[in-house]
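Residue numbering begins at 1 within each chain, and the chains themselves are lettered A, B, C, D and E in the order written.
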Amino acid sequence: MAYSVSTQTPASRIAALAGTVLILALIALPFIAGRSTIRDMFFILTMLVLAQFWNLLAGYGGLVSIGQQAFVGAGAYALFGTVILWGVDPVPAILFAGIAALIIAVPTAFFAFRLNGAYFAIGTWVIAEVVRLLVSQWKTLGGGTGTSLPRDATGDMWFVGAIETALDVRSAAARDILAYWLALALALATIGGIYWLLRTRRGLALAAVRDNVEAAKSVGVDAGRMKWIVFLTSAFGTGLAGGLIYMQKARISPDAAFSVTDWTAYVIFIVVIGGIGTIEGPIIGVLVFFALQSLLADFGSWYLMTLGVLAIVIMLVAPRGLWGLLSERTGLHLFPIRRRLSGGMTERKETS
Amino acid sequence: QGAKIRLGYVSPQSGPLAAFSEADQFIIDGFLGSDAGGNFEVIVKDSQSNPNRAAEVAGELIIDEEIDLMLVASTPETTNPVATTCEAEGIPVISTVAPWQPWFIGQQGNPGDPGSWRPFDYSFHFFWGLEDVISTFTAMWNQLDTNKQVGGLFPNDGDGNAWGDPNVGFPQPLDAQGYGLTDPGRYQNLTDDFSAQINAFKAANCEIVTGVPIPPDFTTFWTQAKQQGFTPKAASIGKAILFPQAVEALGDQGHNLSSEVWWSPTHPFASSLTGQSAGELAAGYTTATGKQWTQPIGFVHALFEMAADVMGRVEDSRDPDEVAAAIAATQLKSIVGRLAFDGAGLPPFAAANIAKTPLVGGQWRLKDSGGYDLVIVDNSDHPDIPTGGTMEEIS
Amino acid sequence: MNILSLQNVSKSFGALTVTDDASFDVPQGEALGIIGPNGAGKSTLFNLITGNLRADQGTITFEGRDVTRVSAMERCLTGIGRSFQIPQPFEKLTVYENLLVAATHGRNLSEAAVLDDCADVLERTELIRRANTPAGQLSLLERKRLELARAMATQPKLLLLDEIAGGLTEGECKALIGTIRDIHARGVTIIWIEHVLHALTSVVERLLVLDFGRVIGLGDPEEIMASREVQEIYLGIEV
Amino acid sequence: MIWVDTILQGILLGGLYALFAAGLSLVFGIMRLVNLAHGDLIVMGAYLILLLVTLLGLSPFLAALIAMPVMFLLGWALQKFLLNRTLGDDILPPLLVTFGLSIALQNALLETFSADSQRLPTDALTTASVQMGPISLGVMPLLTFASAVAVIVGLNQLFYRTELGRAFRATSDDATTASLMGIKPANIFATATGIALVIVTIAALYLGLRANFDPNIGPARLIYAFEAVIIGGLGSLWGTLVGGIIIGVAQTLGAAINPEWQILSGHIAFLLVLLVRPRGLFPRAHD
Amino acid sequence: MSLLSTQNLVAHYGDFQALFGVDIEFGEAETIAIIGANGAGKTTLMRSIAGVLSNHANAVRFDGAEIGALPADEIMAQGVAMVPEGRKLFPSLSVEENLLIGTYGRKKSGQWTLDTVYELFPILRERRHTPGTALSGGQQQMVAIGRALMSNPRVLLCDEISLGLAPVVIKDIYKAVPAIKAAGASIIVVEQDIAQALAVADRVYCMMEGRVTLSGTPGSLSREAIHNAYFGAHQ
C-alpha cells in the first residue's frame, strides 16, 4: 500500500478555519473599531512581526542576537532618508527600509558568524551600537537630535486620500488605518512566510541543525547557509517593521530608533514569555505584553519593575513559555509542522 | 455645561530626565485647586524619558482620552515627539522648557536646509532661544577681564547640536562680539573621558568654558579639568547645573559656575491663575515638599496658566482650529513674564509658533551653611529682573 | 578503481596523536572492516573521512578528487554517508523526518520525490512502525537502526558504519548483517568499524587494524585475525 | 606630548573599565553567565556606599569597606537562589533573567532614591594631581588604575594559590566532575558571584567618586565591561585589564581626532580585535 | 550485610530510559565487576550511584543509609568516590592540583595522601607541575584514580579505567588494585574487557540494555552464559 504524508491535525484544521475568519475580521476592523483600537492593533502587529523574526533567529536558528535594534533603526532611517532626501512616498519607502537592513546585515553576519553563543550576542549588540553612532553623525537627518517626516509627505501619502473618502475619516485617522493595514499585511506575510519556510525541507534542515549540527552536516545540510538565510530574512523583515513603525511615528532620533530596550529586550521578553521556537509563542507573548502595558504603563517605574520580575518568574517556572506550558499539557499545535507518515505498514500493530 | 475641558500633559516623570518633573504634581494640584482649574480635567502621562514612549502616550491622550489641548514640557526629547504627534493629529499643543531652536528646527524634515522649514498649524512653544543664552553668557563674560577665548562642550543631542550649530548657535554671534570659540566636535552623552577637549582648550588657551552637557558628563569634565590643570576663569553651562542637586554633586567645585536663569523666586512676575508672586510659588513648593525651588516650577505653572487663559477665550473647546487660533492670539501676563506669539525677537519663519520669555544670567554661590544659592548676576537683556550681585571669577 | 584513498593522514588533539600517518586505499565496491582497541582512533578516522574533523596533514581522495579541505556537508553530497558510534538523532524530529532531512539535503531532491525511498529504508530497517515517533523517545537499538537508516537515506556510494552491531541480540544481529549485505550487493562501498567480530567477518572482504592511530595490519580477515599482533593487542590473548 | 598624554589618559580610563569588568569577567569565566544586570549592580553598590556615608557620616572608602560584606552576601544569595537555576547550555535563560533583574533593579533604585544624580562626597583628593613633566595625571584616576591592578592581582592569587581557587577552576572546567570530587558547584558559583559583588563595590566606589550617578546610568557602562572581558579572552583576568586598556586608549585616541569618534573608536577596536582573534587575546587553551 | 546496594534503580536521559530496575549489592572489601556491551548502561549505573543522576532515596543504600536522592558532593562526603569514564581531568589544573582537588573541603586524613599516591604511581611525581591533560592516556588515568583515592573513600567506582589504554599500561593500572583493596576500599570496576574484569573481580554482574542479565562469581560463569548475557540469545 502506498504511503502518504500530511502535517495537518484536526486541531490545525479548526485553527485554519478560525484563522481565516479572524483574518477577515482583522481586515474589516477599521470599518467597525475606533481609532484607539486601530492604534493598539498596530502596536501589537508590529511588535509581533519583530518577535516572529527574532524567534526565527534565536528559536529556530539558534542565533541569540541582542542587536536587532540595528535593523529597526537602519530601516527607519532609510525610510526617513528616502522620503526627505529623495522625495519618495513613505509607503514605497518601506521597501527601502527592508533593503537597508539587508545591506547592514551582510557585513554584520560576516563578522558575527565568527562568534558563538554569548560572544555572538554581545557582538551583535556592539555592532548595533556602531550603527547607531554612525547614524548619529548623519547631520542631514538631524544627527543626534533626530528629525520629523515632512508634513507634506505624510499628508498626501499613497492611499490616504482614498481611505479618507471611503471610510469618511480625518486624514490622521486615515493614516492610522493605512499603517494598520500595512502592519496586518506584514504580520500575515511574516507568519505565513515563516510557517511556509518551516514546512519546506529548509525548515526541516533548520530543526536538524538546531538539534545536532555535526549530524546535520553529515547528511548534507549546509548549516552555514541556513544561518545566512535565517539572519538575512530576519534582518529584512525587521527592517520593514522598523520602517513601518517610524512611518507611523513620523518622528525619529537615533536613541529612539536604536533603543536596545524597545526593539530587542522587549521583543525577547515577548518571545520567551510566549514560548520560544514556536509560531504560537510570540502571538501569545505579544498579547500578554500588550495587556501588561495597557494595565500598568501609567504606573511608571512600578510597571517596569513588574515587567522585570515577571520575566524572572516566567523563566524560572515556565522556561518554555506560556504556549510551551499549554501545548505540553494538551498536545495542541495551531501551526503543525510535524510530518506524519501514514499508509503502508505504519499502522500495523506490533506483534510481540 | 457640566463636561470639563480635558487637558493632556506629558512630561518625563521617570528616567534620566525625571528631575524636570519633580514639581509636576505640586503644580497640577495647585492648578486644579484654583478658580479656573475647576473647569478642567488633567490627564498626566509619563514619557519615561524615552522619545518613543512620549510619542506613544501623546497618541493615547489624543485618541483614547480625546483631550482638547495638549501640554508638554522638558527637553526636546519630550517636547518634539509630542508636538510632532499633535501636529499630525491636528490637536493644539503648548510646549515649553526647550530652547526654541531645537524645538522648531528639530521638528523640520531637513534641519540642515532652512529653505525647507515650515511653520506649524497647531504647535506652540514658549521659552527663550539660543540668541538669548549667547547674549546673556557674553554679557556675564564681559563683566570679567578675560582673553575672550571660549571652549565649547556641545554633545551630539538636540541641545548640543543646536548650541553648536554654525547658523543658529554660538559660533557666529561669538565671532561678532570678538570671542574666539574652540569647538572640538560633538561627543556622545555619557562619555567617560574629556582629555581630548581639555587638551584642545588648553592648547587654545581658553579662559572661558561653555556648553550644554548632561550632569554626569559635566561632573566628569570638570573633575578632569581640575586634575589636568585646566582652570578657566568662567564656566557658563546650560542644562548640567540647572538643578541644585547637580551642583552639590560637584562638592566645592561648583562655586561660581554660571548658568542661564529662566525663572527664579525673585522674578518680578505673578501668576494670572492664583495671583501668587514667583517668590510665593517657590516658597509654597518648598513648604509642600521640603525641597529647594527649581526653575521648571515657573514654566510648568505657566503652561497651565496658558491653558486656562486660552480656554477662557474659546467658544467650543473641542474645535482644534478655534483653540489654535486662541493660542496664537494669547496676550498673557504669566508667572514667567509676558506671553504673546507676536514674533518679537524672532526670525520670520518662527514668528507664528513661538513666544519668547526673558532670560538672565546667574552664578551658583556656596552658602556658609553648605549647599548652593543661585544669584542673578546679569540682567542686561531684561533690566526689570533684579540682580543679586555681580559676576565673579572662578578662583 | 579506488573510491577512497588516504595518504599520510595525521590528526592530533593537543599532544595526543590520534591518527598517525595513515595511508590506505579502498577499491570501489569493497566491504572493509576496521578493528582496534578502544581509543585506537577508529571513530576519529571516520570523522576525518567524512569531514567532521579536518586532517592536520595528508590527503584524502574520494573518487579521484582531493576532498581533504572539503566540508562535511559537501562530502555527503558527493556520496559519503555515515552512522555515528554514539547515535546522534535529531531528537525533536520524528523518525521519518530524520530520514527526510538526509534524503532531501543529501541528494538535493524534493520531499515528494524521496517519500517512497524513505518509506522503503524505514521498512528495511524495521523502523516503519516508529515512523511518527520523535527520535528522542527511541530505545538504544532503534537509535542504532535510525543511524543506519539515515545514512542510507542519503544514498551514499561509500557508507561508513561505526559500531552499529554493538549490543544487538543475535537475531537482530543476523537481520542487520542481512541488511548490510543487501546494501553492499547494490554496489555501495562499505567501511565498518565493529567489535562484534563474527558479524564483521561475515561481511567484510578485508580487515584493517588500527592501534594508537597507526595502521598495523590490512588484508584478508582470517590472516589478520590469526596474526600474533592482533591476538596480543586486540584480543588480549597471551601468545 | 599631547599624544603621550592622550595615551596615558586612555590607559587610566582602561583601568576604570577593567574595574567595571573584573567582576563580570569572574562570573562569565567561571559560569559562562552573561550578567546584564552587572552595570546596575555597580550603581546599586554606589547607592549603598552613599547611604552609609550619609547615615553614618563615614568617609566613602570606609563605607565601601563596610558595604563589601553586605554586597558579598547579596551576590551569594542572588546566585544561589536565582541565577543558579538559569545555568546551562542555553544562554537565553540567564540573559532574560538578568535583563529582568536589570530593569527591576533600576526602577527599584529610582523609586527609592529618585532620579536625581548623586555623587559620593568629595574632598581635595578628587581633583588632586601629580605632575610628570608637562603631563598632569589625576590622583583619582591613578588610584582607580592601581585598584584595578590590585583587584586583578588579588583575584589571581585567589585563583592560583588557594584551595578555593582550585575549586573555582575545576568547577569552571567541568561542574559535574567537580561534584564527584565533593565540590558543591552551586555553592562555588554563589561564592564566585559574592566575590564578584565585592569587586563591584570597589568599582562602585570609584564610579561614585569620579562623577555623578543616577539609577539609569548602569547599562551604558555594561557594554564596555563586556568588551573588555571578551577581547581579553574568557577567564583571563589579565586579559580583562588589557581589554579595558585597549578600549580606553582607543576612545581617547579617537576623541583626540574628533570627539565624535570617541565611543565609536572603542567599539571598533573591539570589533577589530575579535576579527583577528575571535576568542579574544588570551583565550584558554581548551573550551 | 551489604555495604552498598541498589534496589529497582531506573534512569532516564530526557525521554530516553537507560536503566530498567537494576539491583546489585556488594559487601565490605569486595571487588565486583560490571560488564556489558557498549551502551548497556554501565556508566549510567555508576553515575546514578555516585549521585550525578538523582533517584529515589531508597534506590541506593550505603552503609544502611538511603542515599539515592543525595547530590554527588554529599555522596562523595559519605565515602563513595568515582573515577569517571574518560578520565575527566580538569584541564586548568596541574597534576598535583588535580590530585589535591580530591581532598577539597575535607580535613579527615587517611591512608591516601599526595605521598602515598605518588608511591603508587611514581611517574606522577615527576610530572606533577604539568597540566593534567598534557599527560599520556595511561598517566591521565593514574591521575584520575589518584584523585579519587585522595578522598580516602570506602567505595571506589572505576568506570572503564582501561579505556583507550595499551595492554601494557592496563596491566600497570590494574596492578594498583590490590594495593587499593589492601587499604580497605571496596571497588566496583566497570569493564568491557571481559578477561580483565574476570581476573580482578570477586563477583561479576553482566548488563544488557539497561538490565542485569547475569551475575555470579567468575568461576561459576561459563563462557557461553556470559556470551548470552552480553549479546542476548534465542529463548
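The working rule: a residue touches a chain if its C-beta (ideal position, glycine included) is under 8 Å from a C-beta of that chain, and two chains touch if they have at least 3 such contacts.
This is a predicted model, so every value here is computed, not measured.
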| item | value |
| --- | --- |
| Set of chains whose contacts include both chain E and chain B | D |
| Maximum centroid distance from chain A, chain identifier (CA atoms) | E |
| Distance between the centres, which are taken as Cα means, of chain C and chain B, whole angstrom | 76 |
| Interchain centroid distance [CA atoms averaged], chain A/chain D, Å | 34 |
| Geometric centre distance via CA averages, chain B-chain A, whole Å | 39 |
| Interface hub residues of chain D, defined as touching at least two other chains | 107, 110, 260, 263, 285-286 |
| Residues of chain E touching at least two other chains | 133 |
| Shared-contact residues (touching 2 or more other chains) in chain B | 14, 156, 186, 188 |
| Pairs of chains found to touch, sorted by chain label | A-B, A-C, A-D, B-D, C-E, D-E |
| Touching residues (chain side chain D, partner chain B) in the complex | 2, 5-6, 9-10, 13, 16, 107, 110, 114-119, 121-123, 126-129, 131, 136-141, 210-214, 216-217, 220, 224, 248, 251-252, 255-256, 258-260, 262-263 |
| Contact set on chain D toward chain E in their complex | 163, 166-167, 169-170, 172-174, 176-184, 284-286 |
| Residues of chain B touching chain A in the complex | 13-14, 45-46, 48, 50-52, 55-56, 59-60, 63-64, 76-77, 80-81, 84-85, 87-90, 102, 106-112, 116, 118, 155-158, 160-162, 186, 188 |
| Contact set on chain B toward chain D in their complex | 14-19, 22, 49, 156, 184-188, 190-193, 195-197, 199, 203, 215-217, 219-220, 223-224, 226-229, 243, 245-246, 249-253 |
| Complex contact set, residues of chain A against chain C | 3-5, 201, 204-205, 207-208, 210-212, 214-223, 338-341, 344-346, 348, 350 |
